[in-house]
Structure formats: C-alpha cells, structure tokens
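Taking it in order: structure first as structure tokens, then the write-up.
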Amino acid sequence: MTLLTFIPLAALIVGFALGVILNRHPIRSALCLAVTLFLLAVMFVFLDAHLVAALQIIVYAGAILVLFLFVIMLLNLEADIPQKRRRSMSIAAVAGGVVFAGAVLRPILWAGDTLPGPGWSESAPASFGTAESIGARLFTHFVLPFEVTSVLLLVAVLGAVVLAKKKLG
Amino acid sequence: MLIEIAIILLKVLAVLGLVMPLAGALGWIERKGSALIQDRIGANRASIYGFAGAGLVNTLIADPLKFATKEDVIPRGADRLLHTLAPCVNLFPVLVAFAVLPFGNVLIVGGREINLQIEPLGIGVMYVLAMMSLGVYGVVLGGWASNNRWSLLGGIRGSAQMISYELPMGLAVVAMILTYGTLDLQQMARAQGELIWGWLPAWGILYQPIAFVIFLCAGIAESKRLPFDLPESESELISGYFTEYSGIKHLMFFMTDFVEVIIISGLIATLFFGGWQVPYLYASGFEFPWGSSIALPNIAVVLLQVLSFTIKIIFFCWFQIMLRWTLPRFRYDQLMQLGWLGLLPIGFVNIVATALAILALQTT
Amino acid sequence: MIDVSWTVVLPILLVTGTAFAVLLADLAVSGPDRDGLGWIGIVGLMVTAIASAALWNTHVEGFAGTIVLDRYAVFFDLLFCLGAGLTLMISMDYLGTIGLETGGEYYAIVLFSTAGMFLMAAADDLIVFFLGLETMSIAAYVLAGIWRSDLRSSEAAMKYFLLGAFATGFLLFGIALLYGAFQTTALGTIAQEIGPSTGLQRTLAFGGMALLLIGFAFKVAAVPFHSWAPDVYEGSPTSVTAFMAVGIKAADFAAFVRIFMHTFAALAIEWTGVLAVLAVATMTVGNLAALRQTNIKRMLAYSSIAHAGYLLVGMVAANAAGGAAVLYYLLAYMLMNTGAFAVVIALGKRGEPNESLDDYDGVGLRQPLLGICMTVFMLSLAGVPALAGFTGKFYLFSAAVQRGYTWLAIVGVLNSVVSMYYYGGVLMRMFMAEGGKRVQGTAHRPYLTATLVVATVGTVALGIFPSWAFELARSAFLSLG
Amino acid sequence: MVPATYYIALSVTLFSIGAIGFLIRRNLIVMFMSIELMLNAANLAFVVFARQQLAVDGQVIVFFVMTVAAAEVAVGLAIIIALFRHRQTLNADEVRMLRW
C-alpha cells in the first residue's frame, strides 16, 4: 500500500470514527461505525488478511452492528439532547485521550526504528492469510482458546436469553 | 496490464448484461406466473399489437421509464440523506457479490486463458456471504429513514430475520466447503465435473441434500420473499421498509429483490447443481459413459457451459417465483422458530455428520 | 499436531461439566424447589477441588504451552472452588428469599464464570487469559442483572458491563502491543525477552504493560478506576455481590500477579512505583469513603476497594514473600468477606432487604449467634490480631518492609486503624443500640447457617494457625518459577 | 510501501477516539459503540503485526476478538433492553446510579 492510498483511507477511517462519537443520533453513530468497520476490512485486504477481512464484514458489519441497529430501532431512540454541564468533563477526556495518543505515538513514529519481525518489506507468500493457513494455526496452536470460545458463546447466549426474555419462569 | 483490465471489464459487462435484464424480466415473469397459478389473465396490457409475449420487451423498457419519470417523494420528517442512501446501499452489495460467481470454465482466446469468473478470490464463497450480509443495511436504513411506522416495523423485522437466517445459510455453506475442501466457487464447480460410479455427475446435491434444503430456505428468507416476506408483507405493512419510496428509488428496491433472487439461484446452481457443468462435457467435448464422444472446439464448450449455467439460474428463479405464489406467509414466531429451532440445529448436525464422514473416508 | 493434554485442563473440564450437568438437570426439575440444582453444583465443585488437590505435585504444560498446571493454578482452583461453593450455598437460601425464580441458569452461570476463573489462573498465554477473563466477566454481567424485576440490579449490570468492557478494551490493546513487541502471546517467551529488549520493542512492551496495568486496575477496582464498584456491589443481588467481591476479585488478582510478578518480573523496577501510588490511593480513598456510608453493601464495597489496596501493597514488594502474602490474603479475604455478606443476607426478607446500617441496631442482642459471627468477620476485616485478616495484613506489610517500602507499610497500618472505625461502628450498632425497626433474621436457613459456620471457623482457624496455609501459598507462588 | 508504524499510529488514533467517545458520550448505546471502536483498533494492530512478522497468529487472534465482541454485544444489548423496560431512557445521567 502506498502513501497515496493509505492517507485517504486512513483519513476516511478516522473521519468516520469521529462521526461515531460526535453524531447526536445513535443511528447515525451506528452507520458511521459500520462504514469504519467496512473501511477497516478494506485495509485488512491490503495487509494480506483476506479471510479476516471477510469475517470482519460478515461478523462485525453484518451481524454485530445490525444487532445495534435492531436495538436502536426496537427502542425507537431519539437524538440526544446536548448537555452543557458536562463540558469540563468532556474537555478533560479529550485532553486525556490526545495526551495518551501523543505519548504512545511519539516514540513509535519518531523512533527511526522498525518494528520487530522480518516481513514488512517483502511480499507475503501466497499462503499467508488464507483460510488454510489460519485454520491450521487455529486448530493446532490455538486449539484450546478455540474450544474456550465455545463456552464463551454458550454463556453469552444463555445470559442474553435470561436477561432479555419477555416473561420470567 | 491494459488487456487484463479490459478483460475484467468485459467480464463485468457480460455478467451485468445478463443479470440486469434478467432481473427486469423476472418482474414480468412474476406477474405472468401469478396469473397462471391463480387462473386469471395477467399482465396483458403491456403488449405490442396484441402480442402478449412482446410484453416482456415492453416491460424491460416501459417499467424503468415509468419509474424514472415519476416524482421522487421524500416524506416530511424523514432523514433526507439516509432516505436517499438506502436504495443504493441495498442494491450495491448484491451486485458486487456476482464478482466471484463462475459462469463458465476457461475460455481460450489467442492463446490467453481467461477464467470465466470476474475475480478468482481465494475466500470465494465467504466473500459472497459477506456481501449478502451487508444487504441488511438497505432494509434497516430504508425502514428507519422514512419516518413511517410501517417502514420502521418492516426494517425491524427485516434486520432480525436476515441475521437469523444468515446463520443456517452459513452452516449450509460450511458443509459445502467441507465437502469440496475449498472456498473458491470455481474450484467447487470444477469438482462437480467428476462422475460417481462412472456415470452419475457428482453434483453437490447428491452429497449434501440436507444442506441444499437449508440453503434454499435460508436463501429465500434472505431475499425476503414469500413465504418469508414479513419485512414487506403487503397486507400488513403496505410495502414494509420501502413503503415511502417512489420513482427511481422504488425501482432500485424492486430490482434488488430480483437481483437477490438471481444470486441465490446462482449460488444454488454453483453449490449444488454443478454450476456451469454440463453432464459429460469436458474441455475437449462430450465424452459419454457408454464410450462415444463428440469433439467440440473450446468456444462451443464455453458457450454450452454459459448456457447451462444460465438455464439453471432461470430454472431456480422460476422455482422461487412458483414458491412465492404457492405458499402462504409464515407468522413471525413461526419464522423465528423455523430458523432457530429447525434449520440451525439441523445445520449443525449436518456439519458434524459431514466432518465425521470425511474423517471416516480419509482414514479408510 | 494438536497437543492435547487432558491432565492440564482436568479441573476446568470438571467445573464446566458440572455447569452442563446443572443445565441439563434443570430440564428434568420442575416446581419451585430447585435446591437440588445447587447441590449438583456443590458436589461438582467438591469433586473438582479434590481432583485439583490431587494434582498439587504435578507441573505440566499443555496445548502448545498455552496453559499450565502448576501449584499456583491448583491453589487458585481450590480457592475458586471454595468461593463458588460458598456462593452457591448462600444463593440457595437467598434466591428463594427475594423471590427470584431463575431456575438452573443462575447456578450454571456461576459455574461457567468459575470455569473462566480457572482459565485465568492457569493461562500461560495472553489469549487464553483474555478468553478466560471474558468468560468470567460476561457471566458476571449477567449475574449482576439477573434480578430483572429490580431496577437496581439492571442498572448495576449496565454499569458493570460498560466499565468492564471498557477495561477489556485497554487489556486487549495492551495484549496487541505486547504481541507486536514479542511476536507471540506466550507468557514464557515474553518473560524471557522483556528484560533485554531495546528500542521500539521496549517501547511497545512498555505501552502494553501500561495498558494492561490500567485494565487490571479497572478490574480490581483500584483508585482512580474504582467508581463502578460501589454502585455495582450495591445494586447486584447480594449473593452475586459476594461472588464478585471474593471470587472475581481473586481471579483478577490471580492473573494480575502471574502476569506482573512473574512475566514482567524483569521490569519490576518500572511498575512497582506506579503500583505503590495506586495502592496508597486505593487504600485511603476506599477507607475514607467507607466511613460515610449508610448502606451496608455500599460500605462493604468501599471496604473491598480498600482491601484491593492492601493486596497491591503485597504486589509492590515484588518478591516471593509478597506474592505468597497476596495469595494468602485472598484466601482469608474470601472467608471473612463471604461471611459478612452471608450475615447481610441473613437479615434480609422478601421485599425488605434491610441493608441500611440503621437496620442493624440491636441485632446482636436479639440474635447473639449471628452477632458473634458478624463480630468475627468485622474484626478480621479490620485486622484485629488472632484472626485471618490480621495475619494476612501482617504478611503483606512485612513483605513490603523487607523490600524497603516501610512508608507504604505505615500507610497501610494507618488505614487499618481508620477502617477499625467503620467496622467497629457496625458492631456498636449491633450490640449497643436499640433500633425502632427491630429487624430479625429469618430462622431456618440451613445453607446460610452452614456458610456462616464454615466462614467463621475458617476465619478463626486461619488466624490462629496461619503458617500452614501460608506455606501452601508460598509454594504455590514459587511454582511460577 | 508505507511503514508499519503508520498503521500502528492509525490504530492508536482509533483507540483514543474510542476511549474519548466512551468518556464524553452519555448515551449508553453510543458508549458501547465507542468500546467497539477500541476493540477494532486492537484488531487493526493485530493484523498489522501479523503482516509485519509474516505469521498468521495475529489474524487468528482477531478471530477470537470478534467472538468476544459478539458475545459482549449479545449480553450488553440484552442488559440495555432489560434496563430500558424499567426506565425508558438510555441517558447515563438519568439512570440514577450511573454517575461517574
């Protein structure tokens, strides 16, 4: 990916991410988040993570965010009323966030050092990021976490049903 | 470089050139089909000098013209930006999903081998699922931005229905991935060219009949057609999420419906019915199991393949239209029960059974 | 190849299996009496505990080194079994009291949460730790909100969930930076490479460590990341509050100690200072705020914050004595705090929680046995000698003194003195005041009585014979290597 | 070729935006979405590091993060619905105890 494609894409991602937190209406926030996620999937493609990109769209944009939209519509939420009295808190939060980002970014960007690892300059082998390579790693080295996710999902399903079902008992 | 781009462009044009008129024609076929089933005369005004068959051509031109010249109404209190965006968001992902659908094997032109698939992505079928899962945004946006209760209800119904039925659909696809050992739809289509016992074409439906049924149900639910058309259900919600649309935007919603029918048909054909395969047709021509063979040039083979694929798609489109006018609508709780308590567990069992069968075959 | 080692995951399998058994048994049970389901859980936890104890002398890695079964993991497995078992016991009486008919889901979710804790204690890989943490936390969010007809429960669940997920974000980004620095999420490799790291690798490692620290501070409710704790503890059903205060906090510390005191041991100089400041703030704010509370659950919440501060003192020591003291104190804290919550439950009735401190007036005179139990717990929490809380604090502070943190130990002792005031206040009310409401605990609650007996005996026994348990804790911590 | 550090910078920026959003917004659903932004920032970092190291571990981890996110969303939205049944508001300030 060259600078010519990276900068517009990154700018769009940041712009829509800002849209998420600045829009007054939750639906618009959710849509901005959807676009952000979609653009991130595009970026994943540039980073040779094709399967992850597809999953990002299927799981994140296609299911998780739709759930958000579903709840927003179900509860028929209206736009927020802006509140004045929280301004100082907001300023503090923004300042904190900017300072945090700066503190992490400064050494990373200006270190003149490269990240640990061999691979940035060379092109990735054809097998990198394919379903086969990810599956092989997932079912050998990461087989325990993989099994744990099944318990995790079961707990989530159980919990969601317990909390949201209409009637008790 | 330039030639490659030109080839891709040509492929895109070929696919769109097939899909868009077909989608338009389906509108007419649907009207005719419903008339046929309900034993009445239907869609007979659009004819040329009394010849009703010409109505097809007429519909292809007259319908878009009619929609394009109508006033585009945006209701008061609606979110103007999202209202306009919704139909585009609805149509776009379905159209780009065609990019990985193979419509033929390899065409050889001037020594250059052209893979008859717009983009041979490694993640193939996952890409289609990804694009189809984006289709729900158009429904949600249209429903929400219209400032109309029926629209909102349609949007809510649509979002819940579409994410619910994505799961069984994904499970059916996983079963097919296990069967073929690849994600690439072109590879899947090629694998179906083999023969079982020397004479039976190894189409996916023979291996995975259960996955086929699941995929068919989920596919129809994804395209929101009867018996799963609750997001639109005319008698309850007028037109559901696109009640408040008129003019060209309405046409786009309308088109999306039919394009979805086509992509579902294409997927069914590719996954379960051999894709572009013609039984006993190989790269060099027909080779029948009883020994005789007919040699054919590459171009004829390719044409036959494309024709075969087109016929299969049209057949399944017609099949979906017949379904629509045959079955009554589900109630919403029945819809959810079928998805979550019926298709989903069956899909899981099917995957486990498939995996076990493959394991057993590999170890013996 | 797939590296399956059943021994390593045996305790986790047993407790998950128990959860499944409860869920399945729930289908067979009908009617309001669901104690049987709780019993299945308790028996399952006992089996798990026995199996874990039998593995005390085993030290194996499994699943490509992502999980390890050492004495440290076994110690925490036993601790979690105890905590979950006591929670189930008090729940069996409590759920009926408040009229919460959830069926088997409640017990199953408690057990699933416990399975997540087991994973956190045994994880030798950041991803396994992360998934264990999420399994535990998501189950805990549900438990907090499980009393759906009660507004406070829903609000507590909401707040717990949002802050918990926020903390998860920090933890995850920290893990991402560490992965970037060391090309792996295996704790063993990170421990080896973090010391000699230089340049951008070190920068990333520092960033990751800082973010993990923030995440953990949120999870253990250390000041200034504590603001969620009082509301969540107050709003959740009391049995769940007890579970959060002892079980979940112990699990957070299990991972916190393993990752910081073992994996990041080479950089101890860098993080002990920050942790010392956190410890002081946490102890002081927790204790001072607890002074002003009028609701017993809220008071215990702030006291729980203060106790997290004491535990941080042990971590600041960054040596074997400190680590062992943290483990020991978690055990002591589990006994005395569960006991305190059991007393709170004993005084509540349906529609009448009796959680205000005013409701405690004269309770000790009317129900002397309950009063004696509460006395033991309060004095132990305050750190009065000859009880578990005192020996625990003694170990924590002496570890800090060993490493030259005398000032920190002094702050800790001063804080204990402050805490004496509010713990003593409860006792004063129970034995010296006569209230108008005349609250009387319901008699005939066998499970609650059993819990109180276990907790009281344990608190006293740990106070009088601390060395045995401390040696266990010590050898558990030393097994980290 | 853009240096890998630029991607990490983007990731950190996204993470900060998410964290700021969580702190300045009072709408529970939007706060929740801000958390999703933070998780996605971590995902981007994982993918970049995986590419940098030419090892797919990072991509596998993203798979786990998505699972966790899905589980969190299921439970979180269920809690939101349960809360909304009581109060008909999603303003964090109007929810009595939710002040921080």
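Going by the order they are written in, the chains are A, B, C and D; count residues from 1 in each one.
Basically, contacts are C-beta pairs under 8 Å (C-beta built on N, C-alpha and C of every residue); 3 or more make two chains touch, one makes a residue touch a chain.
The structure presented is a predicted model; accordingly, all values stated were derived computationally and were not measured.
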Chain pair showing more contacts of the two, A-D and A-C: A-D
Length of the line joining the C-alpha centres of chain A and chain D, rounded to whole Å: 6
Averaged-CA centre spacing for the pair chain C and chain A, given as whole angstrom: 31
Approximate Å spacing (C-alpha centroids) for the pair chain A, chain B: 30
Centre-to-centre distance between chain C and chain B (centres being mean Cα positions), rounded to whole Å: 54
Junction residues of chain B - those touching two or more other chains: none
Junction residues of chain C, two or more chains touched: 127, 131, 134, 138, 141-142, 145, 148, 157, 180, 183
Touching two or more other chains - residue numbers and ranges from chain D: 8, 15, 18-19, 32, 48-49, 52-53, 55, 57, 64, 68, 71-72, 75, 79-80, 82
Pairwise chain contacts under the document criterion: A-B, A-C, A-D, C-D
Chain C partner contacts - residues on chain A that touch it in the complex: 104, 107-108, 111, 113-117, 139-145, 148-149, 151-152, 154-156, 158-159, 162-163, 168-169
Chain D residues touching chain A - in the complex, by the definition given at the top: 1-10, 12-21, 23-27, 29-30, 32-34, 36-37, 40, 43-44, 47-57, 59-60, 62-64, 66-75, 77-82, 84, 90-91, 93
Chain C contact footprint on chain D (complex, rising order): 8, 11, 15, 18-19, 22, 28, 31-32, 35, 38-39, 41-42, 45-46, 48-49, 52-53, 55, 57-58, 61, 64-65, 68, 71-72, 75-76, 79-80, 82-83, 85-87, 95-98, 100
Parts of chain C lying in touch with chain D, wherever the complex brings them together: 127, 130-131, 134, 138, 141-142, 145, 148, 151-152, 154-159, 161-163, 165-166, 168-170, 172-173, 175-177, 179-180, 183-185, 227-228, 231, 234-235
Touching residues on chain A, where the partner in the complex is chain D: 1-3, 6, 10, 13-14, 17-18, 20-21, 26, 29-30, 33, 36-37, 40, 43-44, 47-49, 51-52, 55-56, 59-60, 63-64, 67-68, 71-72, 74-75, 77, 80, 83, 86, 89-90, 93-94, 96-98, 100-101, 104-105, 108-109, 111, 114-122, 124-125, 128-129, 133-134, 137-138, 141-142, 145-146, 149, 152-153, 155-157, 159-161, 163-164
